[in-house]
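One chain, chain A, appears in both complexes that follow, with chain B as partner in the first and chain C in the second.
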Partner chain A sequence: MNTVYQIVVCAGIVPDPLQTLEPVASPSGPALKNEMMLPAVLDPWASHSLYEAANLAKHLPGSKVWLVSLGPKAKLQQVMMTVAQKVPFELVALDGPGGGFTEAAEVAAMLAEAIQAIPGLDKSKLLVFGGWESASRGAGATMQMVGERLGIMDQFQGVDELKIAADGSLEILERIEGGKHQISKCAGLPALLGWATGNLPEPKNNPQIGMVNMRTVMPALQKAKPVKFAGDGLSFVNVALPKQLRETRIVKDKSPDDVAKEIIEWIKK
Partner chain B sequence: MSNSSSGVGAAKIAITMNKGKFMEALAETKSYVSLQTLPGDDVRQLMWRFADRYELQMLVQAARNVARGPVARLVAGGGRNSHEWTPDKAALLPHFDESGITAAFLDPEQGGFIAGPKNFVLALIAFELAWVDAGAATCSLAGNLGLAPIHERGTPEQRAKYIPAAAPLKPGEQRKQIRAAFALTEPIPFVGVETGMLAGKVRVADWKSGCEPMLQVDKRGRFITNMGFANVVTAAVDSDDNRIKGSCMVVLEEGYPGIWDRGTPTKKLVHQLSSTNDPVFNLRVPANRIVGGYTVKDGVIVPNYSHGEIIEAVFRRTRVTVGLMTSAKLLSAIEPIILYQRRRFRGGEGAPGTPRYELGIQQKEDALHRLVDIWATGEASASLGFAAARLFDELDSLEKQKDQWLGKKKLTGRAAFKELNKKQTEALELLRIMSRPVGERDHKREEELQADPLVKFSMLDSLANVLCPACKLWNTGHGANMMREAVSLMGGYGITEDCPGFLGQKWMDAQLEATYEGPEAVQRLQLSITMTNELFLAQFEQWITGMRRIASDRSGTGACTLATAMQLWLWTLKHVQTATDADGSKLYHKSRQGVTFPLADALCWLLAARQFILDIAELDAKGGENPAVAESLPGTVAFFTDLCHVQTARAAGEAGRICAEIVHGYNRHPAWDETSCHACFCASELETLEGLIPGIDGSARAYSDVYESGESHPLKAGPCVRFDGLEAFVRLRAKLDGCLTGCRLAKDRAAEALTKVMTREALDYPA
Partner chain C sequence: METILLLAHTETDGSLAQSAREALHVAATLHKSVAVSQLVVGLIGENVQSAADAIAACPATKYFGVIGKDFSQSRYATDTAAAEAICRTSGATVVVAPATSRWNRVLAGVAQRLGGHVDTHINGVSANDGKIAVNRWYYRQRMEAVLNRKQRPWFMLIDPGSQPACQSRSGTASIKNVVVELSDACKRTTVIGVREPAADAQTIRPDAQLLFVTGAGWTKKQADGQPHVPEAEKLIRGFLQLSRASLGSSKSLVDQSGEGQAILSFLSHLNQIGQTGATPRHPKGLSTCCHGEEPHTVGWRFVAERRAINLDPNCGWARGKADVLYVADAFKVMTKVNELLAAKT
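Moving on to the complex of A and B:
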């Protein structure tokens, strides 16, 4: 197989999940307290898609990965210091709000526009990757709308595995309800995949990759297009953190079988 | 309502509020802009001057991933609890290789990826690794130390052979990667006492005419880091043969004929993630393995560099990174302590929203004040360490130019020293010109001197000779004391293996950092010589003016206090250089360590505080350009300014105490004898005189000793001390006390900030 792919990964940045997140009201709507000051990471869901994209490109010589990322430029730069060491890619940066309180449709429009502006993009070779969820506020709709705007009809969400057959067709493992997977076949490109966790571990940092990536990352950040959202029609009724649920019992002298039975009963509920 | 009653009232009201309301109420009572989150990478990059160096920023992230990933897991899993070099510890080496930590020491043409000097690079790596475990930092850096003699003084052939071979293997590459160790220290009686004396010997084993001489190297090492796995050792040995002159360093390779015995693991209690053994070598080595090469004169092998010259070139750089290891420990302790303090009472009595629940131990001023002290020390020591590392980066290229210049002129030894002295004089001239108002300067001469790299070298070299030992001494010595304080703030938890942040282990580790690569006495000795260098002192005087200038813009930093303390120190130094003690013996003498060493200690306090102030000024000046920093900049700068003030006050206090002890302490206290009592008055005598000289009774009692009728003298040690000849010192000391005004208010503000700063929910590494 000598297919050459153009893989565009859409990935935003989110506050480091270990941080204390406190929703607050700002003049422009809801926000996270001290959000600009909190260390950020590449959205974990989208990160998986980036690693999958890089792995695919590695095995298909000539293929290339672009990372399209929307976020405050200064924060993006910090995140790139880690991400750029993971896998080879070319950055397309959009300088705009990175929080979870933006309208998915507007974000999708910006991302799609940025993708379309990538020089030499060939839709017959195009795979668009992203996370099917987000660690900031999972609208669960952004990637679909990016696909719609790009005119990509073949879309898959909750993807855990992608296999490419000899004829260039795609076999995709998608998560569905009840903890099951669905296998889909797609005749060819273009296609959009919203990834769940995939199967690949986080690549180790490699400074050589980092140094190569930086040749394009820094210029991309310098010329990052400023993006503003109108936010028309968007209002938040309430913003709250998910509640922690902890049900802990200390039980002694219970057999493993009994413990297993109880867990099964709990799952059935 | 009085202040005190409103404080109590606020606390009572807060009990009924939720957390948010409580904090709002707290903010209303004392509203000022302060620290919002713990300082992130953006802030550090500005303070430590690498905001424009993305290759370093990437390396920081890579080193951090290793530190807070595999290293932290190993420590948490009890990996430190053995002296041996275990497979688990060895598994860290591939992580160092893959992340770029190993190659960071190398130039791009040698397999590295960062061009230029590496002092600052290695300092950042040491800092990141030591944030979790300094043994891991030592393990990584000791390989560089092993190669450093070759890097600094090796022949081109030696550099080409050994340095690139230390680069990690590329995929598919088939070669043996060099892992180096540095063997200087020997078993007792000399261990750690005198690096100038060597029991390790080298003699000529075989020297055929026209061939390379073969040497027999006999060396027993002690506490040799990396020896559990190293395959190349640079060993310091002395001649045991009249056909070899003096001492040298020799490269030993595993596989050379003879004995290569790694020896037993050292039973150290600290830095257990580094391998430390007591090896034995008896190897036959070609003479071209003498580091830096040799010449043959009259049938005698003369090494181009003695072992002393090599270790001087090596240690003056590597000691800075050791100092930064302790800084990292102190700063890494802040978050775990805050988390511990705030959560101390949760789960017991007290509902969410109450001060007891929300603030825990942070309700107590003492706990906060002590944490402020730890943080301030950590900041000042990091500032000093990174400044020293940057200075060595700047110095490296100038040093090469100096070597080339001397080489061109064929100057060595005394002749070279003489020429460099001329440059020092020119550097002093430049400083004198620059201290004049711009309009009165000889600009032509100024430009001429500024363009001379050797003048610049002289200036920076005089600073490096002070900053390096100061950083090593103060960061590790005082840092170890403050780590004990950090451990104590964690209560009993602090001395358990599972203390968050591994604070107990870090405390112990700090003691090693104070010891290795030259213990504290060695650093004090070096400082006692280098701090009297005329060129250093001329720059120090300019720094005093600089601090006053900063103080006029940023009064809250305590820069003015520091300037006065610096003046006091300088006065004392000049005084003791000419003064004698009560018995007429010289005060400033190399054997008089009771004078020279404390003055060296005092200087370290001042240098660290000064650099902290400079870093805050830099953050304030550049922070606004970074949108990620700009929003929080006023609060961050305000907090750091208070922290600075706390640190400068402490530094001034230490310097003042030390200087006063030295200035007064070597004079004999007056006794009730004829010599001392000539200025005393008798009460009845004063009564008589009062009629003739009104007011004399009061003045005499204020300035002299008065004994009442029937008394031989008042009940005390002797007449009060007079300060004849020391009036300037007394005035400065009194002024310094006054300069402390406001420092405790700054501490209160900084402490208050600690109760509000946002932290993570959990540390980002396992414990």
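Moving on to the complex of A and C:
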């Protein structure tokens, strides 16, 4: 098979999951306390889609991966220092709010516009990847809206596997209820895939890949288009942390037999 | 006036899933609290009559259906076309739907097509003076928001298990058939099957009373300086068989398979709970050999009663994340638990 693919990965940035997050009110609506100070990472499920994209491109010579990312420029730059060492890609950066309280529809409009502006974009070669949900808004809505704007009618969410057959058709595994996967066959491109975890481990940092990527990452960041969101019509009545923590009873001195009995009683209750 | 549409798809046997009845409960409750509103039902599937009949006594005044073999498949192009047609024909301003994998794939796309907006993972809907508000979590269950919107149509995907099911009685529903013409472009994708473990190997049981979570400690060196993976596997398998619990796992444990380590053969990423895993709903959860770090425990948001077994009294569970922490060796405790369960059966 000598098909050449154009794989566009949409991935935002989110606070490192190990950080404690607290909502605060800001003039433009809810935000996170010290949002700009929190260390950020590439959105986890979208990262998996990036690794899957890079792996696909590696096996299909001539194929190329673009990473389209919308977030505050300074944060994007910080995250790219690590991400750029993982796999080869060309960055398309958009400078704007990256938090979870923005509107999926507005983000999708910006991402779709940026994708359409990629020089030489050919829909018959196009695969659009992303995460099936973000770790910020967690809505699973943005990618579908990007797909709609690009006119892509073959869309898949919760993808764990993509196989491309010799005839160019795609076989896709999507997560469905009850720990199962739906298997679909799609005749060809363009297609949009919102990835779950997939099957690839996180690639190790490779400074050589980093050096090559950085040649395009820095200029892309410099010319990142500034975007603003209106959030019209949406109002947050309240954003709050969950109610109090539990009062943990710590049982230290019971024998395993006694613990087992207590657990059985609790399970049966 | 709000036109509240309950939008559901039928199951392969033509029935309505529990999650659809839960969404109907939300739609009917909303209709009751919004003075000037009407409730309508839209159904999509190969055949929808028996599903409509099953809920015919609900307060809906109209039923719309998109039917045919093409609509039996859970496929983006045909599902968006069908949902769009029902929304347009019914003039829906609020669309309430169960957050099934099928609707999760398409309804944001339909909202986009209709110039509307969508909120997903909703676990509460209310109305005050005709003003509708929804509750949903942000940042992977770390904070909960209540929000409302001016724009219509407003699509609401209701998280399964978060609401009571509508118990409306059956009857005979008169369905308006909405015709959808499909181009060949809508049929480029075909659903060819479902991949699932053999029935006795399926460890994910959404209806189970208990979520049993395993952590990386099961594969770590124990007091004798050795790991005991085969023993761990036997204990966990035994417990799952005896208790019929659903199996969840920490990321560290499921990730080990990718790194060439000896691991528990029945675990996959589908079992992972947390930030980049699932957030299941179970009345009880028991964590074993798992540290209870925040990226893991955010996946426990909807597990009501929580207990943990860990050797470390300072693990995450001790800090208000579990109701009870047993500072004990999970190998020893679970051996005894299995003995007791086996003796009872």
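The rule is short, and it goes like this: the second predicted complex is superposed on the first by the 239 of 269 C-alpha atoms of A that agree within 3 Å, B and C clash if a C-alpha of one lies under 4 Å from a C-alpha of the other, contacts with A are read in each partner's own complex, and residues count from 1 in each chain.
The working rule: a contact is a pair of C-beta atoms (placed from the backbone, for glycine too) under 8 Å apart; a residue touches a chain by one contact, two chains touch by 3 or more.
Because the structure is predicted, anything quoted here is derived from the model rather than measured.
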Partner chain(s) touched by A:81 [first = chain B, second = chain C, both, neither]
first
Tell me the contact category for A:39 with respect to chain B and chain C: first, second, both or neither.
first
Considering only the touch criterion stated at the top, classify A:18 as touching first (chain B), second (chain C), both, or neither.
both
Pick one for A:157: touches chain B only (first), chain C only (second), both, or neither.
second
Residues of chain A touched by chain B versus by chain C: which partner has the larger set?
C
For A:73, decide between first (touching chain B), second (touching chain C), both and neither.
first
When the two structures are overlaid on chain A, which partner does A:248 contact: first (chain B), second (chain C), both, or neither?
second
Overlap of the chain B and chain C footprints on chain A, listed as residue numbers:
18, 20, 22
Name, in rising order, each residue of chain A that touches chain C in their complex.
14-15, 17-18, 20-23, 30, 32, 44-45, 100-101, 103-105, 108, 135-142, 144-145, 147-149, 153-158, 160, 171, 173-188, 196-197, 199-201, 232-242, 244-252, 254, 256-257, 259-264, 266-267
Under the stated contact criterion, what part of chain A meets chain B in this complex?
16, 18-20, 22, 33-34, 36-39, 72-75, 77-78, 81-82, 84-85, 204-208, 210-211, 214, 218
What part of chain C is in contact with chain A in the complex they form?
74-77, 80, 100-102, 104-106, 108-109, 111-113, 117-121, 133, 137-151, 185-186, 188-197, 202-206, 209-210, 243, 255, 258-259, 269-272, 275-276, 284, 286, 293-295, 298, 301, 305-307, 309, 313, 317-329, 332-337, 339-341
Could you please specify the touching residues of chain B with respect to chain A in the complex?
36-37, 40-42, 54-55, 57-62, 65, 95, 98-100, 103-104, 113, 626-629, 631-632, 758-764
